[in-house]
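Inspection log for the structure reproduced underneath, given as structure tokens.
Labels for the chains are A, B, C and D, by order of writing; each one numbers its residues from 1.
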């Protein structure tokens, strides 16, 4: 692709365009039909007024007041939770790969898969049961002399929602990032040590750069997931964390406002646009982190 | 797996096709019940019950069992007529109901919907005309002259509370007392959830505000938040059980159900209609979709819900085998009274009082004497939502 | 000792080095001395302890007992990253995120060498392993052989006191393997660097090493020059592990003499004390068997079951009653007329054979 | 190697965090589910109640079936796609990456409504339509799990070796690549399966009854029962996946041993 020293057989990259796309056809057909087609329907509807006329008017409210505020809150929440989730998830992945037995690690995978998919009323309930005013942890800490509700903390706040999100963000990170840590070969650390480098140098110069592309990918996944998750925030609080998908839910599937689906659709398209922008940043970061991997 | 899947698809498609076929046969054989617009035109109660029983099924949608005593209504209906009820997505919304009528495959279309009034107004063309026997008793404000939709029941905003708290609230003003610290909650974001919106209207009225502007209501919550009494927890059964809050603004028509549900989980809950303000909600609206898959059952269900009879309940009813349709119908309690028992205000309540056909409401659900009762109009609700969108985040956020 | 490049070569010595994993003795009292500039290969089957020995030297593994010295200085307690030993691993040990140059200078950076000296050294190393054109390539763009040459360059760049090679060729295909083997030896002699080479491939060990140590069950069975090892194995294990050997059963017929096939042959001194009548398995190299006349009283008759052409030599597999297939190596020119299924007669020409209890 | 205090700090911190974020909330919720009649005492009454519900087994079965099919569909679709993508069609990666993240971005509500408009009736009349949508919603996870895993193996070398030995593409994928990326495949399968087991929004919007949607109605007037249901779903799904993964580990060399202990005894 770029350097002349590449020695790999031509067939690997050369091939005609057709032969590259062909094996991907089932994927494109599947996502095209079950994903893009419905999304297009939503996008087209967002460009229509309530009388069916073509208009951009659904998009104008997005740039003001409460809708803009919802976008900001959504981005803030997903950023904070994906930073926490990715760092702690990576830590867990490291500890497990490094110190746990294979069997234990397999069980943790199963737990993580289920946790990563949890949300809504049951999850909200678990955290209230643990950290609510009458929660288990709250009571235990109180007997130990620490009243967590003495100050401003409540589980029904932004901080609380961030805590609850950790419940699925960390396991998600753990699950998708573990293979990357497992892919670090022992020989690299040994070679590094043998060449006179400390562990710190090894992490700085080899391990972290090696893990970076996977980390960025996983981080983006967490960001996107956090951006669109809403059931838990909705089951826990009352507009404390106004998220775009909650508003979309109210507009598209609510009891109160009739005939504002087009605005909901516009919000959905707005989310896709935000994600698209994040995606560009992600691809750029991914590319620069994975220079050494492209042939 | 692929083969199995294809078989599945084919089987499901066949099943659906046969369903469509049988339903058209049943209507073709006898009268076309999807066209008759009142009981007489349908051939009377005996014929209607017979046809409904032949259909054997009723599709309802988004009816929580503990909402407005619908659990009792459904149980009684099934026991009395032997018609199986399928309740699609009991926790769903009005928008979901409309969406389903519009897009669901034929066999899954609901036979009757119970939606917020704006949804009915915006989708009149989805519904068929059918005027129930008690049509005249329905308040004129809340019915379509052509009979495509009409109000069924409403509720008032009550306070529900855990009886273990030191001081029982009697009014909205009471909740400002420091003894309610970390205790008061509402059922959602008021700019998007009906019950929460009505909570703000109620607080507004109690604080001396007019329904044209809910600013006083917003200020009420702001002061509760500042004093630490208001918790931004969502009021629902599970959160209540976990101790997230002790007092909530709740629809009266969910009271008896909620009290029983809480008791099963070991909590004693009481409902009280506040002495300083009563907000009556806009009635929910009943309608029969023109493409209802069980047209006779749909009509029978509607007649049942608007019946003012006082008779057997699902607990007291015996076998109805061999009884004529009209005999069964007149022997069981009607929907209007079932709603009263559920703490709701049925749409024909005033007429029932005049005719003395109403049963006694459970204790504590009566509206205190001398209190002004207000129902916010749709325009007032829209204005309130706009105000709340701007101001609510500052209250709920932190 | 000082070599042509002006570098000083070191002496590596292990005394009574053991490593126990619970009950398992991975290494059991190893004594080994590698002289300056010498290449010693440790040879043995999987699990014999050879890699453990190497890793103990590198500091990647701790010895339970015993001492490790370089030039007489005790190294047991020196952390791995301060040992100045260059190691080449079996495979995949290049840092994939660093290009060839960065890989080679990795150890130099760790030593905080100035940039100019570093690039000079890298250039030297690239020339040494003949990879000047690949300076900027990433590992995945290199063939396996090239990767191992970079690994070697990386290990040598730090001017190690001792070079440690852990099965460096086993992941390569046969053709490249021979080529890299010769290259390693050339560079090793050129630099005069003391080298410990671990392998399970006897041909590789014999062809590259000054001395070969054969290990079994955590112990060094014998250490000697390749020729000595081949011709004078000190134990049946060494005899059968080094080079090809037929295992033929026999019986001790007199003091130090056994009846094997139709012959009576002396046993080597190491096993001459077997009691009369002991059932033995004699270890007989294929090239000590020759074809003979049917009438030779010492001849054994057999049926050719296998014939494989190995260039100058042809290997015959001969089926003899009561014995596994016996391999005989014969000059190819002598066997043109022989075909599979034909009967032949052969005998052992060795004056002495190694044997063990059957 | 030597046991460093660093190790114990890491393990301790992880254990503490797990307790706080995962164990305590789950435990706190679970204690409610063991409350007895009228919330008093301790009993299994809520679980007994659960098993007595008519819809319990049929809906559980439906969910397991659909989730399993969704998991399999995800793999059948994504494993070859990801292999080709990483091997030969790198240039399409950003596009596929974006398509795979989309299901996470598009509010499920919107997707479901779009689906109702876009899907033909015969698809909408079969509950198996959910399999497709579960697989769609699982895409972000299956993609990432497989991609991360594929990055850790020398894909090109494996494929070239296998193809040069005369293996077909199918055989290459099944016999060479699949074993090499086992952990990623299991991760993808589990995520898709767990998602299918718990999916609520699209199921209910498309009017199907599965375990999660049935749960809502069934436990509407029994809060403790509802909690027992969610605890059951959590623990049941974990137990099921753990069993699958432990069984599938048999006969294969445990990965951690491969990377940790290799060479120790050689």
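We take it that a residue touches a chain if its C-beta (ideal position, glycine included) is under 8 Å from a C-beta of that chain, and two chains touch if they have at least 3 such contacts.
What you are looking at is a predicted structure, and each value in this text was computed from that prediction instead of being measured.
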{"item": "Separation of chain D from chain B in steps, with touching chains one step apart", "value": "1"}
{"item": "Interface with the most contact pairs, given as the two chains involved", "value": "A-D"}
{"item": "Closest chain to the centre of mass proxy, which here is the mean CA position", "value": "D"}
{"item": "Farthest chain relative to chain B (centres taken as mean CA coordinates)", "value": "C"}
{"item": "Mean-CA-position distance for chain C and chain B (Å)", "value": "86"}
{"item": "Mean-CA-position distance for chain D and chain A (Å)", "value": "16"}
{"item": "Inter-chain centre distance, chain C versus chain D - centres from mean C-alpha coordinates, in Å", "value": "49"}
{"item": "Separation of chain A from chain B, taking each centre as the mean of its C-alpha atoms, in whole Å", "value": "38"}
{"item": "Shared-contact residues (touching 2 or more other chains) in chain C", "value": "140"}
{"item": "Sequence positions of chain A contacting 2 or more other chains", "value": "8, 121-122, 125, 129, 135, 185, 252-253, 261, 293, 295"}
{"item": "Shared interface positions of chain D, touching two or more other chains", "value": "32, 113, 117, 156, 205, 227, 263"}
{"item": "Complex interface listing, chain A residues touching chain C", "value": "3, 5-8, 185, 187-188, 190-198, 201, 205-206, 209-210, 292-293, 295"}
{"item": "Interfacial residue positions of chain B with respect to chain A in the complex", "value": "92-96, 98-99, 116, 118-119, 121-123, 182, 185-194, 196-197, 231-236, 238-239, 241-244, 381, 385, 389-390, 392-393, 396-398"}
{"item": "Contact footprint of chain B on chain D as seen in their complex", "value": "32, 35, 38-40, 69, 72-73, 76, 113, 116-117, 121-128, 131, 204-205, 207, 213, 216-217, 220-224, 226-227"}
{"item": "Residues of chain C touching chain A in the complex", "value": "58-60, 80-87, 89-99, 106-107, 109-111, 133-134, 136-138, 140-143, 151, 154-155, 158"}
{"item": "Chain D to chain A touching residues, read off their complex", "value": "7, 10-11, 13-14, 17-18, 20-22, 24-29, 31-32, 77-78, 80-81, 84-85, 87-92, 94, 96-107, 109-111, 113-115, 117-118, 132-133, 135-136, 139-141, 144-145, 147-149, 151-153, 156, 160, 181, 183-184, 186-187, 190-191, 193-195, 197-198, 200-201, 205, 227, 230, 233-234, 237-242, 244-246, 249, 254-257, 259-260, 262-263"}
